[in-house]
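The same chain A turns up in both complexes below, where it pairs with chain B and then with chain C.
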Partner chain A sequence: MQLKRENLIPALRLLAAQGEILVPTAVDEKVSKFAPWDGSSAPDLALVNTTLPPKDTLFPHQEGMYRYKTAGEPSLEEIVEAPARILFGVRPCDARSIDCMDKVFLGDKYEDAFYARRRANVTVIAHTCAQTGPTCFCDSMGLSPAEAPSADLLLSDTETGWLVTAQTEKGEAVAALWKDLTAEGGEAAPAPACTLKTNMSDALAGTLVSRFEDPIWDEVCHACLGCGTCTYLCPTCYCFDINHEDHGGEGTQFRCWDSCMFSDYTRMAGGHNPRPSKKERLRNRYLHKLAYFKERYGQILCVGCGRCVGHCPSHLDITAFIDKAAERFGEGK
Partner chain B sequence: MVNHDCTCKDNPLVPQLCKVIKITQETPDVQTYRVQTLDGKRPFTPMPGQLGMFSLLGVGEAMFSVTAYGEDWIETSIKKTGMLTDAFHEMAEGQQIGVRGPYGNHFPVDPCKGKDLLFIGGGIGLAPVRSFIRYAFAHRADYGKIDILYGSRSPADLVFKEDLFDNWPKEPDTAVHVTVDRGDETWEGNVGMVPGYLEELAFQPVNRKVILCGPPIMIKFTLQSLLKMGFSKEDCITTLEMRMKCGIGKCGRCNIGSKFVCLDGPVFTMAELDELPDEM
Partner chain C sequence: MSDIQSALRETAKKLLTEGTVTCVIGWGETRFPDKTTPIFVKTPEDAEKLVWNAHCVCGLAKYMLDNRCPEGKLAICVRGCDSRAVNRIVEDKQYKREDLYLIGLPCEGKDAPICATCTHRNPVVYDVLLGGPVPEIEVSQEDRFQAVTALEGLTPAEQYDYWQKQFSKCIHCYACRNACPACNCTECYADQYRVGWQGKQIDKAENQVYGLTRAFHVGDRCIECGECERVCPMGLPIMSQTRKILKDINDLWGNYECGLTDSRPHILGEFDLSDRDDFM
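After this line comes the complex of A and B, so read on.
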């Protein structure tokens, strides 16, 4: 079924009754993110990619876990927050990133209750890429700019609007909601090619792990400032810290995004640090993205969104690293 | 291997409030806390070597080995090493703390059945080992001869003195060997580092499992001695520590390669550690 361009606003209005809609929004000249739809204007569906990924919808930058009281009779009260939300216009790379976070937070022996509750109330409406951005490389990471299989609903660009494909029960509910606004017809535009190409392969992932002591890690880490921008902007980076705000006798325990690029991240009481320098930290980040996560969860933790490549103040580029490693270790495709 | 029986069934990241019912000053910088739920129950039932997340509300939360448990309590031993542990040492009996767990895998109590056991601890490293020692005594018929080799810097730094000198030597078919790096005027026991004493005691590597924990430098040299004595890395079992926040394999920081120490560990054989990146 096809949703014509002129029916976008009516379609969003119908959706708005189901929950808060978050759409790609330019915050200022430099920064864009998923922000609440204003209820009337057409969202900017040409943005490839938003500066900030949509991960904070499911995994807030800072999230209260429980309130506590230590004065008098101590007490604990869990914070439960799971607003109904619709992420609208999520690119295939970011849709896959949500799939990666699901693997971590919804499974692997324990379910993370905070994430699970939010996740249950979020609907993901993905949007194919008619064109790709200057640092996009999802098709080198096993994705396609024209597919988002883990999204609830996929909107594929046509000449006059979008093909609507429901992919889950939540997606079918949205398609049903839109049935009077959609009609037969329309043909999806072919997938564009990504701007960046890189030579990633399973064989290279294995080789990188076995080359743990290779000089390549010394070479690549030189430029790193340890600023954490890559992890902050990465749609799949999910590490968190747990801390508290204490107001004398009562407070809130919260978790917040953390970064494996910070030295404090692994430093133990007493001072020992298993990843004491940026070499160990960058190596861990790259290996986590390219190899460790796949060993554990069966898929690669880089979705090729290109944010880290585009925003690193030192111009560190994971695709350049992959190519360098593939060439050096003879693991090119 | 992972025990899913977390105390906080609906949300593993929210602790339950418990109270400290007994504090034992083990050494000048190590205390043992006996902990019970507010209604007088055991907070959880850990397997030997499993971990608990202990918190002081408004101060912090950290993972410690559960060194023992009884009918209606669990115990953890904490060395003063930083802000949070300093605050633990300021506690008085009756204080309420947060507890969640148990987390991680445990010592391989079943594969060790029918074997002689050699427990080796260094410093506060005896705390996790103690949980298996107690388990072995509670299931005495399942195990062969038990040797416990423990070393600390000085006589004043010996933890669990009552167990070392009174309780454990009375157990059947059990020998306790204590050594200190430096003696004092009253110390009559062995003086010397653990690896040297271990070689002197000349344990045979036949049908025997070794469970060891201590400072990294001690582990390194003790393992060298064990290998020299003919023990295989498969038969040497240790437990690791790493900075942790969640304890359930989500927050990311305790990984070694693709393994999480909080979830896949903390217990590993030396052979398993050889398969992981050298990043400890």
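After this line comes the complex of A and C, so read on.
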């Protein structure tokens, strides 16, 4: 079925009755993110990769977990927040990142209640990429700019609007809602190719772990400043820290994003730090993205969105690392 | 290839071959034509990787601090801003000048907004200068403090709203701190969060605490290199804060610029028994 361009706003209005719609939005001339739809204007679907990924919707930068009282009658109350939300216009790379987070937070052995509640109420509407940005490399990471298999619904660009493909039950519900606004016809535009390419392969993912002591880590780490930019802008980084805000006898336990690039991430109670320098920290990030996650969950944790490449203050580039490693270890495709 | 770039490679090669230094910090290519990255050259052969072009924007002096107790000398390529950053760090007693070899590179301005108001394009300190000095550009105090003056024109309520909106974007990535040559504490107050100085919460209060504390910790020592704003992924105009402090100092005591020598006491860090204290 095809949704014509002129029917986009009516379609969003129908959707708005189901929950809060978050669309790619330019906050100012430098920053863009998924923000509530204003209810009347057409979302900027040409924004290739918002500065901030949509992960905040499911895994907030800061999330209250419990309210407690220690004074008087002690009490503990779980904070339940799971608003009905629709992520609209999610790129294939970001759609895949949600799939990665699902693997972690909705695992067989452990389910994270906070994430699970939010996730159940979020519908993901993905949108194919008509053009790619200079730092996009999803098609080197096993994805395609034209597909988002884990999204609930996929909108593929046609000449006059979008093909609507429901991929899950939630997606079918949306397609049914749009029944009167869609019609047969339309042909999806061919998928563009990413301009940035890198030589990632399953074999390399397997080899990297055994190269833990290779000089390569020392060679690539020095320009890194140890900031949180790459991990905080990464759609798949899911590390968090738990802390509390105490107001004398009562307070809130909360969790917030943390980053393996920070020095205090691995600092132990006695002061020892098993990852004492940028070499160990960068090695952990690259290995987690490219190898560890695959060992555990069967897929690579880097979806090729290019945010870390585009925003690193020192212009470190994970694709340059991958190619250097592939060349050195002879594990290229 | 520019003459300066060839001279830079030759100089680095010579320094490494003769064992004068153990490493040369400069800029090297990336796979993007409009970006370079800091590189750390340790062998004479690798000197060929050094580049000198309009995209050499990353500040280099901060990397000295990766090893505060070096064995042997370190060479750093310094533009005007990098040389002031070196002075900043040496003046703050975080590195010894004699452990450095500075390759001065007069700079015609790079692909960075800060270069439009740069008052020292020629290195203010160096051991060797490659190429002749470039003409300095005329930067009036009005131009230097233009962003600050514009904000001063707002009412306090408008100013609060403005900063509120800016700080609400901060994600506590600390790139601004990690890139800043004036931020050279071995351990930042913000990393000692169990003490309770800086909460990890992303909210109005904690975002402002970080912004204001950072500004006051570096304000009177800021060398105006612009790195903090260049690296901020959220586009916070945080240099307007440090420049506000510099402007106030300027208004009270006359022209004040940091990092021009390595031995000038910084103004807010000075205490003297004869200081006026009529406000007490």
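Please note the rule applied: the second predicted complex is superposed on the first by the 332 of 333 C-alpha atoms of A that agree within 3 Å, B and C clash if a C-alpha of one lies under 4 Å from a C-alpha of the other, contacts with A are read in each partner's own complex, and residues count from 1 in each chain.
Assume contacts are C-beta pairs under 8 Å (C-beta built on N, C-alpha and C of every residue); 3 or more make two chains touch, one makes a residue touch a chain.
All figures in this text were calculated on a predicted structure; none of them were measured in a lab.
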Superposition on chain A - do chain B and chain C clash or fit: fit
Which superposed partner A:91 touches (first chain B, second chain C, both, neither): neither
Touched partner set for A:170, first chain B, second chain C, both or neither: neither
Partner chain in contact with A:28 - chain B first, chain C second, else both or neither: second
Partner, of chain C and chain B, that touches more residues belonging to chain A: B
Which of chain B and chain C A:223 touches, first, second, both or neither: second
Touching partner for A:103 - first (chain B), second (chain C), both, neither: neither
Which superposed partner A:55 touches (first chain B, second chain C, both, neither): neither
Where the C-alpha centre of chain A sits as vertex, the angle toward chain B and chain C in the overlay (nearest 10 degrees): 90
Which superposed partner A:251 touches (first chain B, second chain C, both, neither): first
Chain B versus chain C as contact partner of A:313, first or second or both or neither: second
Touching partner for A:241 - first (chain B), second (chain C), both, neither: both
Overlay on shared chain A, then closest C-alpha pair between chain B and chain C (Å): 8
Residues of chain A that lie at the interface with chain B and also at the interface with chain C: 241, 258
Chain C to chain A touching residues, read off their complex: 30-32, 35-40, 58, 62-63, 66, 169, 171-175, 177-179, 191, 193, 199-203, 227, 230-231, 233-235
Complex contacts: residues of chain A adjacent to chain B: 65-66, 68-70, 74-76, 78, 104-105, 108-110, 112-114, 209, 212-213, 238-242, 244, 246, 249, 251, 253, 255, 258, 260, 265-270, 272, 274-275, 280, 284, 287-288, 291-293, 295-296
Interface residues, chain A side, partner chain C - complex: 27-31, 51-52, 61-62, 134, 196, 222-223, 225-229, 232-233, 241, 243, 245, 254, 256, 258-259, 262-264, 277-278, 311, 313-317, 319-320
Parts of chain B lying in touch with chain A, wherever the complex brings them together: 2, 4, 6, 10-17, 57-58, 60-62, 81-85, 96, 98, 216, 241-243, 245-246, 248-253, 255-258, 263, 277-280
